[in-house]
Structures are given as C-alpha cells and as structure tokens.
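Note that the chains take the letters A, B, C and D in the order they are written out, and that residue 1 is the start of every chain.
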Amino acid sequence: MAEKKPEQLLDEASAWWTTGIVDIHPGKIAMRGYPVEELIGKVGFPDMVYLMLRGELPERAQAELLEAAMVASVDHGPHAPSIAVSRMAVSCGLPVNGAMASAINVLDDVHGGAGQQCMELFREIAAEAGEGDPAPAAAAVLARWREAGTKFIPGFGHRFHPLDPRTPRLFALVDAAQKAGVVSGRYARIGRAVEASLARGRARPVPMNVDGVTAVIYSELGFEPELGRGIFILARAVGILAHAWEEKQQGVRIKGPMPRDIPYRYNGKARRAVPDRRSP
Amino acid sequence: MAEKKPEQLLDEASAWWTTGIVDIHPGKIAMRGYPVEELIGKVGFPDMVYLMLRGELPERAQAELLEAAMVASVDHGPHAPSIAVSRMAVSCGLPVNGAMASAINVLDDVHGGAGQQCMELFREIAAEAGEGDPAPAAAAVLARWREAGTKFIPGFGHRFHPLDPRTPRLFALVDAAQKAGVVSGRYARIGRAVEASLARGRARPVPMNVDGVTAVIYSELGFEPELGRGIFILARAVGILAHAWEEKQQGVRIKGPMPRDIPYRYNGKARRAVPDRRSP
Amino acid sequence: MAEKKPEQLLDEASAWWTTGIVDIHPGKIAMRGYPVEELIGKVGFPDMVYLMLRGELPERAQAELLEAAMVASVDHGPHAPSIAVSRMAVSCGLPVNGAMASAINVLDDVHGGAGQQCMELFREIAAEAGEGDPAPAAAAVLARWREAGTKFIPGFGHRFHPLDPRTPRLFALVDAAQKAGVVSGRYARIGRAVEASLARGRARPVPMNVDGVTAVIYSELGFEPELGRGIFILARAVGILAHAWEEKQQGVRIKGPMPRDIPYRYNGKARRAVPDRRSP
Amino acid sequence: MAEKKPEQLLDEASAWWTTGIVDIHPGKIAMRGYPVEELIGKVGFPDMVYLMLRGELPERAQAELLEAAMVASVDHGPHAPSIAVSRMAVSCGLPVNGAMASAINVLDDVHGGAGQQCMELFREIAAEAGEGDPAPAAAAVLARWREAGTKFIPGFGHRFHPLDPRTPRLFALVDAAQKAGVVSGRYARIGRAVEASLARGRARPVPMNVDGVTAVIYSELGFEPELGRGIFILARAVGILAHAWEEKQQGVRIKGPMPRDIPYRYNGKARRAVPDRRSP
C-alpha cells in the first residue's frame, strides 16, 4: 500500500465510483448522454424509466406498453403488507420517505418477487423451446419446478381474484403491440402455454394474474428479471405514497395491525418465577 | 371492553383500516372509483400519480407539467448519498427492493426535503401576499426565515451548479402552461420574487435550482408540500434503481465509501488498557 | 478545484471520514482507545454500549442501571407497530436484517420517541429549577408545553396499562443507585415532580410509564436525549428479532394486518367511467 | 366467507397474531412466562437476548460466552458499508431510528451474512461427521462448497487483517467454557478442522476471523444459523448508533461517499441529442 503515489490512490477512489448512467459537471447534467434540459418536456416518465435502466430511449409504442403495465400495478389495497406497513409507519411519526422505505423494503421474494420469478420461469422455457412451440417446454419446465418444491407457480392464480381484472386488458395491449410489430409475441405465447399447461386436468383453471401478464410485457420489452421487480416497485411506490398520505390525514397515532380491543392470542409459557442470573 | 359484541369489534377492526383510495372485491379493483381495467392503456403513469394522490384525474396539460418535473428529478449522480447508499446496499447482497428502501429512507429533510420546504416557503408568502404583488411578502418572509436561523433558503442556490440546467427549461414549461391557462402563474411569480429578493445586494445571484422550480410546478398544480417530497421520491426512485442495477453488474463486494487503501482519519483516544468490569 | 494537488485531495477524502470511535489497522482494532481483544470477556455488553456512545467505560453500578433499563424495554407485543412490521416483513420473504430495518425505522417520534421527548422535558425543567425544588419548575414547564399544543406528556400515562408494571421496579433501582451514590437523584426528583403535577386536580393519576422511568435513568447517567431513543432501539431490537424469528417458524405467507376474510372499509368514490387521457 | 359468524372471524383475527413470546394484559407483561418486573435487575441483557430467542434463560456461563461474542462485534469502522450508511443517513437529516434502519438493512448475505453461512457450513460438517473426527468431513464439505462455486469460505480469511485480533481471545473463552463443561466443544473442533483443511498446501494460512469464531460460539450455544446473523445485528447496532451520533455532532450536510472535489468516473455515452418521444 505504502508505495502507491497519491495520484494512483485518487484514481482508484474515482474508479471506485464509476457509472455510465449520469455525467455531471458544473452547469451540466446528462443521462445516458442526453442533456437533461433536452429530455425535459420531450420524453415521458416511462421513457426515462426505460432510458435509465437500459441505456437507450424506447420507441413510443414500447414506452406505452411499459406505461400500461406500471399503471396496472400501483395499488392493491391495505391487505397487502407493503401498503399496511406504509400506513402504520406514518402513524408512528415517519415522514413519507421513511414510510415508503419501510414499505418498499417488504416487496421481497414472497410479496413483490412473483413477477421476477415468473420472468425467470419464462426465460427458462424460452431457452428450452428455442424458436419452436413453447407448449412442450412449458410442461417440462413446470414439472421440474414442481419437483424442486415450488408450490405456487409465480404469475398464475390469485388467492383473492378468481380472474384478475388487470390481465385481459393488459394482454389485449400485448397482442395489439405484437400485431403492430412492436414486440415479437414470444413471451405472450410462452405465458399462454404455461396457462394451458396449468389448466390441464383441473376442474378450475389457474389463470394468469397481474404478475404473470406484466412479466410477459417486461420480457417482451427485453428487461432482465430483477428489473421486473424493480419496475413493479416504481409503480407500487405510488400506492404506498398515496396510502401514507391518506393515513396522515386520518391522524391515528401508533396504528397496530388491529385496534387494541381485539386481542392477539398468546400460546406460550404460563407465568413463572425468575431465577437470579446476576448474583455470583 | 368486555361488553362489546363480536360484531362491534369486527366493525371496529374494519374501520381501523378505512381507505377511499382503492376498493377491491373478488374480480374487481377500482382506484378512486375508476375500474383498473379501464384505467390501463387510457391514462398515463403521471395521471395515475395525480389520481392516487388527489382523488381526481388531471387535465392532460397538468399531467404533462407534472411529468416534466418528474423527468427532471430522476438522478443526480453517485455523490448524492441516496444513490451511493443504493449502490453500497447492492454490494452487500441486497436485492433491488432492499437497496431502494435504504436509499429512499435517506431522502429526508436535508437531502430530499428542500422541495417540500420551498413549497412551504411559497405558501407562507402566498398567504401574506394575497392576490397582490408577492415581492414585499417575499422579502418579509425571507427576513423572518433568516431571523429564525435558516442558512440555506430551500430551492435556491446550488453548491455544485452555478446555474442549474434543469431550471430554465422547466420554467419555460410553467410559463407556457400559464399562457395556456393550465396554471395561474401565482407560484411562478412568487418564485421569481424570492429569486429577486435573494439577488438584491449580492455580487453573485442565488438562482432557483431544481427543487425551487419543481416546487413552483407542484404548487401551481395544487399539491400539498409533503407530497412535493413524495413525488420527488417517486422520480428519484428511478435513478436509485438504475444505479443499483449498474452496481450489480459491476460485481463489487462490500463497497465502502472509499476503497480500502484510502484510509479514514482517526482522531480519538490513543491505545489504553481496559479496566476489568466483570469481576466483582 | 483544479489547483489542488492530489495529496490535498486525498487528505480531504480521508478527513471526510473522521472518527474518534474506532481505530483499525491490519491486525489491530481499538474502540475508544481500548484494544478489542482486551475488551472481550472483561466488559459487559451494556459497558460497550456506554463506551461506544460516551467515550469512556461506565462504573459497574452505572452499567447495571443501564442494563436494567434495557432489559425492561425489549418487547411490548405485536400490537406495537414495530413488532407487527417485523412479523409482516418476514412473511414477505425478508431475512432478519430486512425485517429489523423496516421495524426499527418506525420507532420514530410517535412510537419510539417518547423517551427522548421525556428527557427533553426533564432537561427543560432541570434548567429552570437549577439546584432547587423542581416542583414549581415542573408545573411551569408543563403549562408551557400544554399551551404549545402538547396533548400527551411523554413518559406519563399509558393507553393500556393503568399502572405500568415496569415503573416501580426500575424506580426502586434508581433510588438504590442514588443511596449508593451512583447517581445524583436529580432527575428522579424531577420525574416525581412531573407525576405529582400531572396528578393535581385529577380523579385518576397519570403515572409514569416505562418511557418516563427509563428517561429518568438515562438522564441520571448523563445521556443526551436522542441517545435515549437510540438505547431504546438497541433494546427493542431484541423483541423485533425474536418476533421475526417466531413468525418465520409459523410460515404464514404475505401476512397483512388482518386475515383476508376480515375486510377493510372503503369510503371513497363509487365506480365511474374513465375519461381518455392519452388520445390527443 | 359469508357464512362465518362474527365470533369466528374475530377468532381468526386473534389467531392471525399468535405469539408465545410475550403476554400482555392491563398492568401485566410477561416474557416467556417471566413477569417483566421480576426480570428487571435480576437478569442481564444477554440473558434477555437468549430468553427471547430461545424461550428459556441461559446458564450464567452461557450468557457470558454470548456476551463476549456480542462485545467483539459492535464495530469495524466506517469502511464497512453499514457504518458508512448510518453516517450518511444522519447527514441527510434522519434521526437515529432512520439511520439505524438504513444501515441494518445492508447487513445482508454479503456484509453481515458470513456468520450465518459459517454456521451452516459447520452444521453440514457436523451432520456428516457425526460424533467422530470432523477433519475428513470438513475436507469433503469444503470440496463440495468449492465445486458449487463458493469463492470465499465464510468465517475464514480477512481482506484486511492477516490475523483477526478478536479470534484468539474469543477462542480462548470457548476453550475455557468447554473445560468448564458449559459447551461440548464440538463446533470448536469443527472450526479448527476447517482452518486446518484450508491451510493445507498453502503458503499462507486462511485463519478464522470474527465471523468464524462467533459462529463457533453461537453453534456451541445451540442457536439456529439465521439467529447468528440476528445476534450479530444486535451487536453491530451499537456501532451503527455510535457512528450516527458522532456524525451528527460533526454536522456535515449531505455527506456523499467522497467530498465533491474528488470526482467519480463516468464511462458512459458521450453527449447526444434527444429524439422527441412526445409529439405524435
């Protein structure tokens, strides 16, 4: 260490924080090469999401598909832990940044990760199917996932909605985009193949939910699976903020999961005496 | 407590989680009364932000102004603690939800609150000026804030940019919106009055920065100050996600603020012996 | 900027991260000057808390008083939002660090800040009373706080416990420490003066709760008010972790505040049609 | 759903929040059956950690071993992202709860998870070795982990310390505890077998670090691996709080990773013009 010159150390420090996203100098800001003052008013917010995550601006029809998926994902009510956490956080005194942080944090693998997992499923099927009919690959991959212990196929079925009202509308937009040549339709076919495979031999189908159809959209647009989770978070952040704000207007202090009069159940040890652990 | 009937307790439990934002039943989801399947593809993402936070859809020109402000705010580089935290978090193993949570959390009063504080400043001036010329009110309110100990007037001046490149472009959009009758221009006038008041008697002006001009926009659109912070977070979340993702591709493990070879400075006690605090 | 030599920049970088807490070199770690290998096994965990926050090791009796306050604060059940958030977070897939982060975050001014606020109250009374009888100062300061809009005097009264079972036991330890000359008893007198002042003219007293008596202890030990909040968090973190772990064993997925069968109440707009905001 | 009686729904709500950790009634609080007022002053903080996580109080010597491991883990300086995040968070305006939340969140798999992973390694070796010599099992399991792609064996080697000063002292305490019959020594033997296996055929050994030796301790005490991470967080929370507090005294505003004069490196696209994405 001692032999390095100060310039070398400085260079290491500078390289330690290297980015290709944003370039800033006094009076100048550019994202992915585009001066910010030229982006403002010329591109939409979904364009910026795409540009920042992918490095290039989307075509207009691509941005519209992305935007539809984001619009569909902003909220699903206070039974969702993320929304409940946001509201509870505000009642504890947090400003909106803190409430959003605690809430977004819980959008993890189980609540918030289904879209990403569904994209991974689609990708595995795509790799196996190649350019051919995805149906056999879908059946094979689903069988493997089930053997590996997967109980819920991510993106399909919903514990609350028999049919998710967001799915048909979003799927219609995907189909229109395919006809217009905006997307290839490969992942739409894969999604339908999974749905068909899941329905086989069951009395009640397991229809694609919002995580599944947005996974189709993000996959068609070429996003990596983890970015599917990221974009979902950008969208759900709107609902998280709206509920934080509404809760603040309601003015409850220290809001637990249930009002105090409704007790929780204790199933532990009965009262007992404490042995002294401090005297020698 | 004991006298309440089960139905009453249930009713309390249900009322404890009351919302006017989203209504969900099996197969049905509506935001602010609008069925989600009708919103998808018909309204843009900024429209949804406005609808969720305000209860009604914006006019198209209002949504465009909001969108321009959001586009301007997505990123300001890894010298910003929020962006740095996001990247460091990923290098510690967090997925994007965790990185975004830790990062958004730090968008607090000092780093992320300037827009909200500027909106509060504008509102105080508006209350004092009424419908008249805001210049005297601006001078008076600024004098009060300074007497109360405010060192940095939020929304004005920038420690890095002599002139913030986002300001003139956004202000031009506000002026155009005023000419088109989309906004009243009241807060644009107040913003300019503050700028003029700050420049008086100084060699170098203290020009409005992005927090100031977005505060003008959010105020013109009728948002409450705390929602100014909230919308900023929705926008900056895009940059936070993009940097998290880029950092993940770079693959550094356990990224501290500086590389290990560049030491920090220790200015505490010299080495000393420990007295035994455990033996009696 | 351009004129600075690399050495100067490096020196600035190093100074930017200056600490008097911990000094680390290859093979050497010292906290506040004490080599870590000498601390291990010789001092207790509460001693380390004190050392890290104050710069010096406590006397044994001081550490015991601090430890008693921390033991008293580890948990107050899942009706507390912090505990509920921890459990909900785990059910969303977060590991313990994420659950603890989301939960600790909500220990803000309203839920977690009462101890700090009570220490600030005591300090204000101490400043006014000087070395004399704190009763008149307590009455005067309480009157001022109420005039300023304070509805709940922090550290006194409890919405659940008529008498907080932690208070008498902790207060007995404070009194014993005072008799032993470990603490001065000044803040114990102030705490009692506040309690007496609050009881005056009421049918039902407003007894000191755990936030109040731990505020007495942390004040007697010389901690700054914000550190009172910090130490409370260190203690409550134990309960937060224990509940996260228990929830994980229970295995519920996506745990909202109430089970799905118990609905929330929607009080917003009735269903309505969406105007098209996208066509020009 | 409609057929359930209100009492049934209430019962479900209560069961939804079931815990065996803490039982609370007006005027009564008990942890794991022990009335809190009897715990206060009689048991130490590490005893409470053990009680809350395990359900029973530890023997005194067990608590001391746990305490030594926790004392060793409180801090490792601002080059650690968790400590840096805490300090940056405070400079953004967060109170200590927020700073601790953002910081604890990053104690994930890569920075904070090594102890847990090391406990999992030890457990795998223990399962394979049974009661016999752990050396062959250690070699076999290490070979499997390396084949599976593990580059860094968790708990061994340190990128900064040639020999971690915390290890020999903690290991001496483990050995003493074994001689006293407090622990079996099984995991100490496993840890040494791993160290020996790693050293074989290398010029420079890969000695056990603090994560390794605390993994030995927590395993000897019977903790589950994920609780090893949890206890580490309880300990590191002290350093995180201490650095947050010190940073607050220093008063820097908006502290990025490096001071502004030291630039980051931009390696993205050169400036380019923006195509218009908004006009039809």
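Just so we're on the same page, a contact is a pair of C-beta atoms (placed from the backbone, for glycine too) under 8 Å apart; a residue touches a chain by one contact, two chains touch by 3 or more.
Fair warning: this is a prediction, and the values are worked out from it, not measured in the lab.
Counting only chains that touch, the fewest steps needed to get from chain A to chain C is 1. The set of chains touching chain B and also touching chain C is given as A, D.
Distance from chain C peaks, on a Cα-centroid basis, for A. Taking the mean of the C-alpha atoms as each chain's centre, chain A and chain B sit 21 Å apart.
Here the CA centre of chain A is 27 Å from the CA centre of chain D. Centre-to-centre spacing of chain B and chain D amounts to 33 Å, using the average Cα coordinate of each chain.
Within chain A, residues 9-10, 13, 17-22, 35, 39, 41, 43-44, 47, 64, 77-79, 84, 94, 98, 101-102, 105-109, 112-113, 160, 255, 257-258, 262, 264, 278 each touch two or more of the remaining chains. Taken as a graph of touching chains, this assembly is fully connected, with contact between every pair of chains.
Of all residues in chain C, those touching chain A in their complex are 5-7, 9-10, 13, 64, 77-82, 84-85, 88-89, 91-94, 98, 101-103, 105-113, 159-160, 253-258, 260, 264, 278. Every residue of chain C that touches chain D in the complex is listed here, in rising order: 1, 4, 9, 12-13, 16-24, 26-29, 31, 35-37, 39-41, 43-46, 48-49, 52-53, 64, 67-68, 70-72, 74-79, 84, 87, 95-98, 100-102, 104-109, 112-113, 160-166, 168-170, 173, 224, 226-227, 229-230, 233-235, 237-239, 241-246, 248, 250, 252, 255, 258-259, 261-262, 280.
If you check the complex, the residues on chain D that touch chain A are 10, 13-15, 17-23, 30, 32-35, 38-39, 41-44, 47, 55, 57-58, 60, 63, 94, 98, 101-102, 105, 257-258, 262-278.
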